[in-house]
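Across the two complexes that follow, chain A remains constant while its partner is chain B and subsequently chain C.
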Partner chain A sequence: MAAGNNEVLSIQGLEVSYQTDRGPVRAVRGVDLSVREGEILGLVGESGCGKSATLLAVMGLLPFPGKVVGGNVRVNGLDVLKLSKKELRSLRGSTVAMVFQDPMSTLNPAHKIGAQMREALRVHGLPCTQDLLVRLLQEVGIPSPEAVLGYYPHQLSGGMQQRVMIAIALSCRPKLILADEPTTALDVTIEAQILDLLRQINRERGTAIALVTHNLAVASQFCHRIAVMYAGQIVEEGSVEEVLANPLHPYTQGLIGCIPRFQKGVPLTPIPGQVADLSENLEGCAFYPRCAKREPVCEKTLQDLLDTGGRLVRCQRYGYLEYAETAAAQDWGNE
Partner chain B sequence: MSMRDNVPLVQTVGLRRYFFSKPGFLARTLAGQRERTTKAVDGVDLFIHEGETLGLVGESGCGKSTLGRVIVGLYPPTAGQVLYEGRAEPGGQMIFQNPYASLNPRHTVRQILGFCLEKRGVPLEDRESESVRLLERVGLTALHLDQYPRQFSGGQRQRIGVARALAMRPRFIVADEPVSALDVSVQAQILNLLEGLQEETGVSFLLISHDLAVVHHMSHRVAVMYLGKIVETGRTESLFENPAHPYTQALLSAIPRLGKTKSARIRLQGTVPSAVDPPPGCRFQTRCPHKMDVCVEMEPRPVGVKGDPGHVVWCHLRA
Partner chain C sequence: MRGVKILERALAALPIMLGVCIVVFLFMRLIPGDPVDIMLGEASNVTQEEIDALRAQFNLDDPIHVQLASYLIRVLKGDLGYSISRSAGVRDLLLEALPATVELALSSILLALIVAVPLGIITAVRHRSAVDRTSMAASFLGISMPAFWLGIVLILVFAVRLKWLPTSGRATYGFVPAHVTGLYVLDSILTGDVLALEDSIRHLVLPSIALGAAPAAVITRVIRSSMLEVMRKDYVTFARAKGVAEWAVILKHVFRNALIPAVTVTGLEIGSLLGGNMVVETIFGWPGMGRLVVDGIFSRDYSLVQGAVMVYGFTFVAVNLIADILYTWLNPKLVIGEKV
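And then the complex of A and B:
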């Protein structure tokens, strides 16, 4: 299903900070993001770039000492940050549901699958007949669902556990699914099965999906639009084809150069240095110390996200940079 | 890459490693559990030449890490042999997956490297200069010598892990998922480091990874493992371009590739069966889209792929 115009999720100027003994760590530093009906948005970046914190903030699930310190988040028109705990609880699961990375630690090991599925429905005041539970499990492709309802989580494989998590997430027909690295803990053949399932849900029901992943290849296969994050900010955003074929930001270009490409003899070009330390006060461009194309001006001044006709990029040097004919561009050209 | 002679540097012959678990008294009497044998590695023959990288791929639980550990001698084999440098004993060094768990948090870099150098018989007065040389080789400096592992980032820790392996001057290193705990940008740094080492010193690698892109990039030859057995092996290009085993075909078609639009994928049903009670005949028969009667009845024998020397597949379809 093509993306509609209704924004299911809209985030403006989101700021998340973790209060630590060594001072605040600004995990998310002003993120604007929207997901429309029927759309799959990918949020990509390396660990610590704030992609998970952004999703958790939407759900009101930031772990202590994390706090939203600025901006606003609207889910289906509702201002999430102003909701009471009770209202937030009824929003979670019904309008927006979340699928986490590790199904083994998100399912309760002491309760049977059936009981955990019933809980989700009961909390939202929905009927939870046996038939319905069986149908929900069938929809996510679990064989012999009647038996699985009586299983404990450890009796299922990782892929099956993740299917159960998706069944629970779907049980209240949410408009938006937030998926935080849903396939990272799984093997590649199982990963493909789970991504197929999510894609099918998106296509058949128009459920919007926001996918957080560190894996650019997964994002390129699965998403309509991607936003690349670095050090708590979006550095580039656009349709997945455009961003990967013609990355505008040096960080995106660097990331693509780091990935082995199934072509012999193409050397990897790593990004030097380490991911920026967010407990420090970053004045200019956070990528400055690692950037191959930096200029003195980048160190002290922070660029806003530039709109370049549907593509957003946060780089002072935009317009001066050329992205050479790379393996990435050639791959897209071949299709 | 140099393959000076035809005698491989490392070779395994009919290698098996079983794990036996004996349930406790209560589990036996009350729950009726019996002794279980996990056949983690169940008859593996492979070889690695000098200066060569063999990529070992397979899904979790297929026994690839156990195989690596048996080859370097961390586990004794249940049956079969490891031949290293022509002698019937395991050898080589190891780089581990998790750079957070594989370095002792109470030891400084000087102690970590010093211990290995002592084992190698480097005299005390030379150990510092040798340690510095090792650190510089992996992209660190003498300033890091008296720091503890917690003071390093993940990528730097993995560099220390590489330096520790190099301290023994091995001709062969098993790298067990050396980059899967690292961020993408740091992954590339470590992969380039390993490649550079091979060019300089001619060291051989057994690269164990679930990431097929990494394996394709690094390896001269690839072996695909499924439930304790090798199902296909061959030169990297021919195996990736012309996979002969249905499992390899499914595995390759499941890889998400950057930029490539979804090709017709072979979707495997179900998950890997348990190695405690592997299916009879071909191990892959429970998930194979081309299953025949013979696949249940007998184990497939190795068959060479026509016109492609060194490309061998264990599959009844090709027999």
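And then the complex of A and C:
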């Protein structure tokens, strides 16, 4: 389904900080993000860049000692950060549902599948008949659903467990699914099946999906739009075709260089260095120490997100780089 | 399938019981002096012939392997022997003492659980709060206090000084309920004897506190730490993400999965309580297994001690088996016979 204009999720200036013994760690540093109805947004970045923290903040589920210290989050028009605990609970699972990374550890090992599905419906006061549960499992492609309802999670494969988790997420017909690395723990073949399933859900029901992944290849196959995160900030955002064909930020360019292609003799280009230490106060560009195209100016000044006609990029060098590259291309053409 | 497994486990306990039997038999005979020495004591007017005759009467002059063999054969026939010091059949003595110990053990562990379960949950949920710190300090005290010392303090304060509760025994003379199971509280409920019920509960309170304090402290700590560990699991976050209310998350998702270590510890505690705490039973004049064994050891009453230790072995095996069965219910991944 094509993306509508209504925003199901709108995040503005989100700041998440973890209080540690060594002082606050600013995991998310002013993230703006929106997901429209029926849209699939990919949030891409390395581990520790704050993408999962962003999703958990939307659900109000940041683990201790994480805290939202600034910004606001609207889900379907409701200001999540101002809701009471009870209002927040009624939002969770019903309007916005979450799918987690490792299905093996996300389903409660002590309860049967049927009980875990019923719980999701019951807490929102929805009927939970056997027929409905069976139909939900059928929809996510689980064979012999009647039997599966009586199984414990460990009796299912990882892929089947992930389908069950998706069935639970879908059970209350949410407008938005937050998927936190939903395929990372799975085999590649199963990964494709699960992504197909999510895509089908998006197409048939118009459920918006925010997919967090560290895998740009997954995001490129699956999303309409992607936002690239680095060190708690969005560094680039745009439609998936544009970002992949013409990455503007050096970090995105680096990520694309890391995607394996099946060509013999073409080595992967890793991004050198380590992810920035978020407990330090970063003055300039967080990517500066690792950037191939850095200039002294990048170290001291932080660039706002630049709007370049529907695409956003956070890079001092954006204009120059584009100019330089065009010039280089022309030089090359002239020779 | 499950029944077969349980039976298998029960049968596997038989060789253990046999081993216990043999070891205790031999160890008892390592203690210097035999029953005849103790019976005759310092008496000087006994001749060696008389002593030998007495030894022969109890078959103590046979070689040790013959004694062992004849003992094992009698045990297999269900005959636990004759207590020389108490002049009664060992089986009868054990059957008389066992209910007293069982009653005290059950009420101690019940008391411990009533305290430990809510406290373990609260301290985990309110991690690092004042409640948590106070309870942890208190539980440290509970673990460090020896039961006999606590028992004496309780007697001094609540029985001697305040006179709220009796100092010792299971029941006031004349208030013993009619015999049904041998557990006084249960018997007085079954026979509808209100006075006996009140009396037996009053007698149970102090020894139960003395015995239950340490298990309560240990179980509180185990529940707390295991809850804290489970709270970090993904399925707990997932339950919250489903919109489940916080109390339900804690009870249905966290507590349920945190129970396994608690069951292990509780099982071990019950096992050791069922053996009867020798010191506490002695302090409170509780006519249970512990006192029987202490008396038996001092009078070198071989059959009595052997019989009592067999009962220990049996209860330990039984409690462990029950704990194993509980594991499989708590953690469906386990099959009986696997270790957690």
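The definition used in the following text is that the second predicted complex is superposed on the first by the 321 of 335 C-alpha atoms of A that agree within 3 Å, B and C clash if a C-alpha of one lies under 4 Å from a C-alpha of the other, contacts with A are read in each partner's own complex, and residues count from 1 in each chain.
Quick note on the criterion: contacts are C-beta pairs under 8 Å (C-beta built on N, C-alpha and C of every residue); 3 or more make two chains touch, one makes a residue touch a chain.
The model shown is predicted, which means the values in this text are computed figures rather than measured ones.
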Which superposed partner A:214 touches (first chain B, second chain C, both, neither): first
First, second, both or neither for A:91, with chain B first and chain C second: second
Chain B versus chain C as contact partner of A:274, first or second or both or neither: first
Which of chain B and chain C A:256 touches, first, second, both or neither: first
Which of chain B and chain C A:108 touches, first, second, both or neither: second
Which superposed partner A:193 touches (first chain B, second chain C, both, neither): first
Chain B versus chain C as contact partner of A:157, first or second or both or neither: first
Per-residue touch tally on chain A - higher for chain B or for chain C: B
Which superposed partner A:244 touches (first chain B, second chain C, both, neither): first
Set intersection of chain A contacts, chain C complex versus chain B complex: none
Partner chain A, residues of chain B touching it in the complex: 59-60, 153, 155, 183-189, 191-192, 210, 212-214, 216-218, 236-237, 240, 250-251, 254-262, 265, 267-268, 270-272
Chain A residues touching chain C - in the complex, by the definition given at the top: 56, 59, 61, 63, 85, 89-94, 97-98, 100-102, 105-111, 119-120, 123-124, 152, 154, 165, 168
Interface residues, chain C side, partner chain A - complex: 232-235, 237-246, 248, 252-253, 256-257, 330-333
Interfacial residue positions of chain A with respect to chain B in the complex: 46-47, 143, 157, 159-160, 187-193, 195-196, 214-218, 220-222, 244-245, 254-262, 264, 267-272, 274-275, 290, 328, 331-332, 335
